[in-house]
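Chain lettering (A, B, C, D, E, F, G and H) follows the sequence in which the chains are written, and residue indices restart at 1 in each chain.
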Amino acid sequence: MLEEVIFAGFGGQGVLSMGQVLAYSGMIEKREVCWMPSYGPEMRGGTANCIVTVSDSEISSPIIGRFDTVVALNQPSLDKFQSAVKPGGTLIYDSTNIIDPPTRTDIDVVPIPASEEAVKMKNTKIMNMIVLGAFLEKRHAVKIETVLEALRKVLPERHHHLIPLNEQALQRGGELANAAVPVA
Amino acid sequence: MLEEVIFAGFGGQGVLSMGQVLAYSGMIEKREVCWMPSYGPEMRGGTANCIVTVSDSEISSPIIGRFDTVVALNQPSLDKFQSAVKPGGTLIYDSTNIIDPPTRTDIDVVPIPASEEAVKMKNTKIMNMIVLGAFLEKRHAVKIETVLEALRKVLPERHHHLIPLNEQALQRGGELANAAVPVA
Amino acid sequence: MEKSMQEIEHHYDEMSIVCERPATLLDTRMHYCPGCGHGVAHRIVMEAVEELGIQEQTVGIAPVGCSVFAYHYMNIDMQEAAHGRATAVATGVKRCHPDKYVFTYQGDGDLAAIGTGETIHTVNRGENILIVFINNAIYGMTGGQMAPTTLINQKTSTTPYGREQQFMGNPLKITELLAQLPGAFYVTRQAVNTPLNVRRAKKAILNGFKYQKLNKGTSFVEIVSNCPTNWGMKPVESNKWLEEHMLPFFPLGDMKVPSKEDIEHA
Amino acid sequence: MEKSMQEIEHHYDEMSIVCERPATLLDTRMHYCPGCGHGVAHRIVMEAVEELGIQEQTVGIAPVGCSVFAYHYMNIDMQEAAHGRATAVATGVKRCHPDKYVFTYQGDGDLAAIGTGETIHTVNRGENILIVFINNAIYGMTGGQMAPTTLINQKTSTTPYGREQQFMGNPLKITELLAQLPGAFYVTRQAVNTPLNVRRAKKAILNGFKYQKLNKGTSFVEIVSNCPTNWGMKPVESNKWLEEHMLPFFPLGDMKVPSKEDIEHA
Amino acid sequence: MAKVRGDVSIDIEKCKGCELCVVACPQDALALSRDINKQGYHYAVLVEDVCTGCTNCSLVCPDAVITVYREDKKTGQKVPVAEIRNVTGDIKVTVGTEEEAGA
Amino acid sequence: MAKVRGDVSIDIEKCKGCELCVVACPQDALALSRDINKQGYHYAVLVEDVCTGCTNCSLVCPDAVITVYREDKKTGQKVPVAEIRNVTGDIKVTVGTEEEAGA
Amino acid sequence: MGELRLMKGNEALAEAAIRAGMDAYFGYPITPQSEVLEYLTREAYRRTECTILQAESEVASINMVYGAAGTGARVMTSSSSPGISLMQEGISYIAGAELPCLLVNVNRGGPGLGTIQPSQGDYFQSVKGGGHGDYRLIVLAPATVQEMADFVEDGWDLADKYRNPVMILTDGALGQMMEKVELREQRDRGARQIPAWATVGKSKDRERNIITSLFIQPEEMEQVNLRLQEKYRLIEKNEIRVQEINTEDADFIIVAYGLSARIGRKVMELLRNEGIKVGLIRPITLWPYPYETIGNAAQHVKGFLSLEMNAGQMVEDVRLAVNGRCPVGHYGRMGGIIPSPEEVAEVIKDMYSKINH
Amino acid sequence: MGELRLMKGNEALAEAAIRAGMDAYFGYPITPQSEVLEYLTREAYRRTECTILQAESEVASINMVYGAAGTGARVMTSSSSPGISLMQEGISYIAGAELPCLLVNVNRGGPGLGTIQPSQGDYFQSVKGGGHGDYRLIVLAPATVQEMADFVEDGWDLADKYRNPVMILTDGALGQMMEKVELREQRDRGARQIPAWATVGKSKDRERNIITSLFIQPEEMEQVNLRLQEKYRLIEKNEIRVQEINTEDADFIIVAYGLSARIGRKVMELLRNEGIKVGLIRPITLWPYPYETIGNAAQHVKGFLSLEMNAGQMVEDVRLAVNGRCPVGHYGRMGGIIPSPEEVAEVIKDMYSKINH
């Protein structure tokens, strides 16, 4: 099994942490994992992304150009990375703030109104967990239970009361993923 | 023809300049010449020396360990370099300020009371020219006339009135060299 | 608070422009974070160049810091210097072209940490250049580490518990030091957090350029600025913090101004 | 003037020694030129170490300069630092061994030219060390080039026509700058050209060592000294020149002294 | 409606929504739009026709995207504008929350 | 001969003949020898038995080769000297020019 | 088994330093390694009371390291390419004074300010001596976050064993990426005893200690140089580390270190699936270099490819090792671009076919 | 024929710089090359009004050179080993920004403070890049005071031709010794025209000029690197300089540069007198290196000796050139000691006999 995914969006949308949660979960499931953030002054521009690889065998390069899955949380990221999805791969994006939707037809395009949903769930911070839920539903890279275990491990005690909310978010993301209709 | 000589003494005794005059003269006589000074903090100690090579063929190393002639103007220099005279070579030294005279018997030892003589000639500055005269008399590396020509070229106009005095000194040095009796 | 919803109809054609982006500042989006003082500082430097009409005689030196890309925005000949060495580079330029207007634009890490030696000796030689010093009390570009100008107890990524004088020393008032040097001709500290301060800062920059004509020494303009991103604040807050914490320690004002004679003697 | 010729008979055995080479100064011939102030400076530093009985707790840092071989003479543990970096090296030592007495011994080129950045930041951090600064207004070791402290119009091998402010800048009074820094605890300028000044200089060195116990900041002792060889003078003349030319520009005296509280609070 | 004496044009695609102009405006004439530009920022817009052309907003704007206009007092005459920046006029401007917007 | 109150011993082989002690001596008790040591320097010597043990010479000596002695006032008692430096006593001391020396 | 964590390479390195009983760290921020200093300022002092100091520059850092190392302290600094260049004088002094310490270069793309992206462009500087004079650094090249952690203590131990500076040469990708890492136990700082040569105050019972690299007399200086060279020969004899994969039956060998070696391994797998018998040699110590391992392999293979993230640097050492016995090629990407296994595979197939015809 | 003088190498170099139309010199004193700055402060400004500035350090010097070179000025700096190490970051920037300038290293013995005596210990640093990243300096190695003078203008011309820094790598002996030297005419400083890329003020008729080595996007940075590499290949093609003596009939060849080449020549004479057919190859450009010349010679000789004043650095390039075709030895002295022709002759006889049996 090998999953190569990139999470991209604005800083503050929690793209780096959702990647870390995935990597940590992979580690719990005894997989080889690698998490590689974009770094340096691009951050100034406000955009951020991270590449996560989860694999059964040794991982070679942490930086890759084509992905099984691209998760884009804003327009610039969508524009930049939609072409990097491998044919037959998956493109998940937050449809709330997208003006020009993706155009590719050779891949599985999954629009998720994540921000909108997060507002409905009264906590914009969990937007990334909704998206992660959609990702898991589509790619089965790791089990949801593992993610929750990971959260218990990485979140400081004082935030553990949020775990149920995160669980809902993951679930909701899964549902949205199944309900998703690509705007073709 | 190849002459490898070292001039050694205190700074201020004019060892460097006598070497330069010799080198310059060699150049006038269309020889290959090389002048190599000791440099760096030894100068602090007050001692100075320069190696001069005059040759008909290309000169390889400017720094050498054994010499045809050693010219020593003080005790430390004499102690340091007398062993560096090639067998059959020449050792010229200012006998005025020497407490322990040289001991080697396999070389031509030429004591010159240069400082004393300079005092007699009422100009201590020309001590080095007296010694140079002795050197020329013994080794014939270059002609005295050439040295005088060299002096005319290197000395600034305002010092040209000293050239006759220098000539006397060179001559006197030659005489002393012939008169010299090694203290065995 | 309530706001009217209809779009305001504009009347541009009935009026004249009283303030706009200077032509010397290229019309490209700057990479700076929202609300970053570097943008304002860039603009006033370029406004000065435009107003003095010296675009063709000006050479700017960019530092290593967030403003490393100054040359992407300033429409003049520029050199990108190694970290901390902008004033040495400027010296190289100015000594070869004494007739040009030469300035450096440097951050606090660049000018007052790694570049301390170059800064002090350039000013001590009285190199006839303008040094624009952007003091935001932090290393912006590298992600918010302690700067020489970081305040006591200020939290940064390398002073996670606040800067402790005991271990990390004191915020360095390098501008005060430089004002002591005979080579310094004009030394002032300004800010760009309010419209008034922006006006004053621009005036200082204008002086810094003008004085190069006199060939009497170095002009040094410190600009106290913000770093919303690494201070972890919204731009508006960051300017408040700047006013409440930085300005008391780095008071604004002139530290060394040319005498009448200095200026007339030209 | 006439002098009696017979050899004086000595009476050592009837008296006690009131002044002699300190045991902490090794009994080897120093490589310094005749009359060089480095020798006196070495001696008083080592006298201080002996009198305070801290030979076993002292680590000295030698510079690159004529005093590069200080460790040949000072009978203590020493490190030879890269040119200008003595205070950084001292920082490394002191931070690992806060209980030791650490001092640097540096020339003007070493401390105030290439080492400017390290010097300023070490004092600004208030590293709890003693810095001994030998200012002889020249680069001695390398043969008499201009130093940052070389006086205007002073001839050196790189200012053959005298130092011109216009091209080579001003003599740098780095000690005055350092005195401004909060990290500086004790800053003074001394000389070793007369018996009285030697006494005072030694007192200053003693203070510099003592204050390390208080852990309150950096002690900095400048010693205005001579360089007969590169000044091209006899030692006696050189001291006269020092008095007539250097001291007016580099006036002797304390620039920053601890307050009573500072000292009692320990 | 207040007599117009000043006006601003904002290059909203370069605006980063830092809000510095908003707080700098003595007339309280500016606000951030609820919509975002291509960069994802809530850009500044003139929301009250009370601009005096004081240029404060423009002075503090880090991205130099505000052009300020003013009625030319001396001549009283209306001076034509050199050039108008690439302001995309067709962007609907709504401020505050949905609800308010609906009001 | 003046009542001896002080004395100096000079390590003449390390002396560099800088003359600083000579000018520093308030008693004018020191001078440079006409002879040179192994290093070639005219070394300093005590030439007048008027030393007060004021230590001035020793303080300014860059090579730390002067040991100063003084009669112990407090006790009045003659304290034996710890150790005497390697002064080669057998060196003949002449000062000034040949002629003077002859006088 | 030790504690398992998901960590960034830079943080794993910093954590390992604390656990290895570090006494002092001096450094200056630079991307992509600022996390080292940042992590240490958060963690180190509180846990072991060791010294962590942000210096005013890399020049100051390396000379602080000199001073601390001179007292026998377990000390390190870290930086990235431009900062390491500034340290070259200090490094040469440290090598000349034979001071044990750990230097970390998280290599980014050069020359000049270049890019902050990963690179292997500093190979020459690290192994041939970027500073002046004849000296050598022991250079360790980790390929995983695990090794980023492990080589810290290993490096210090080597440094102490030979009184020689050790460099960990890694890159921006290894520094920034997270992988799982198993951490060693916390060493007690007190345990290490201060070496006899350290300058910590001259006790009555010994001669004074002097830390210096200055030997003004040529004869003396030459003796020092000869002693250094002897030491280097000894290190070459004892400390070479290299990893060989599938070299026994290989017809063609990829030589690569650090991150490139991971790519190389993937390339090997791809090509073996296509029936080309490719092996991999990964030098772990870049100095001393595994000339012999490569030389032996050269007896029975048809060719080598040196795979690097630079314009061709280590390839010179591969050629020296192969010494003409078969063709040696180089493939590299620059500017922060990591070659993809696929493109490298193509290069090798191409070269391989040429060799066979 | 030009003016004939007896001059020190350092002074000949300084005089040649004035005559070549130097616009600016920035430097910091260090033995054994301080005479360069000293001579220039005496002579240069008065004669050509060029800029001569004693900087506060070598770091400042090299960055002043960067600034001046960025305006298209004919600029140089000089130093010796430790000072050159301090310049490594600046040199890498200059190479990255492609600024033409002249750097002079009067090599002394290292590592560290070492000794002020002559050495060739900085060969690696000069030719493999002491700074970070993939870059090259054109390195010229004079062997006589005459070449100390000649290579100054030649160096600047090469620098201008390729927009690349050029280094003159010499040593303390060549710098301090006096030989006769023939000087070229004084060039008119005004004559050289300012290049189009220079930052001297953006005139209306052109885009602004930017001097930088920063290219944050990997793709862009790689393009810059590839362009640099292309330039380096071109230089390797056009600018190799090498002197061959008695190589045609030689059975054994000494490879040596700079002062060592003079020793090597004497060794050759000694051995030819003894009937051993020895030849000499003297690389004049150390980069680009005369691999081909040496490689060709390797076809017909029995062995090589790389004669250096170091522990064995250039020998690696000789081996790369010979590529296993015959044995390559190294002989070197260190710490400022210059090998005597006699001792080297013994070494070769010994090696030679071993080869023959």
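Definition applied: a contact is a pair of C-beta atoms (placed from the backbone, for glycine too) under 8 Å apart; a residue touches a chain by one contact, two chains touch by 3 or more.
Please read these numbers as outputs of a predicted model, since none were measured by experiment.
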item: Required steps from chain D to chain G (each step between touching chains, minimum); value: 1
item: Top chain pair, ranked by number of contacting C-beta pairs; value: G-H
item: Taking each chain's C-alpha mean as its centre, the one farthest from chain H; value: E
item: Whole-Å gap separating chain G and chain H, where each centre is the average of the chain's CA atoms; value: 29
item: Separation of mean Cα positions, chain H and chain D [Å, integer]; value: 39
item: Set of chain C residues in contact with two or more other chains; value: 32-34, 68, 80, 82, 113-114, 116-117, 121, 141, 143, 148, 168
item: Of all residues in chain E, the ones touching two or more other chains; value: 39
item: Residues of chain G engaged with two or more neighbouring chains; value: 31, 53, 56-57, 59, 82, 89, 93, 97, 112-113, 116-117, 212-214, 216
item: Contact set on chain G toward chain A in their complex; value: 4, 6, 31-32, 116-118, 172-173, 176-180, 259, 262-263, 265-266, 338, 340-341
item: Complex interface listing, chain F residues touching chain B; value: 36, 38-40
item: Interfacial residue positions of chain D with respect to chain H in the complex; value: 64, 68, 80, 82-84, 109, 113-114, 116, 139, 141-143, 145-146, 148, 157-160, 167-168
item: Chain H residues touching chain C - in the complex, by the definition given at the top; value: 23-24, 26, 51, 53, 55-57, 59-61, 63-71, 73, 75, 89-90, 93, 97, 199-204, 208-214
item: Touching residues (chain side chain A, partner chain G) in the complex; value: 20, 23-24, 27, 33-37, 39-41, 58-65
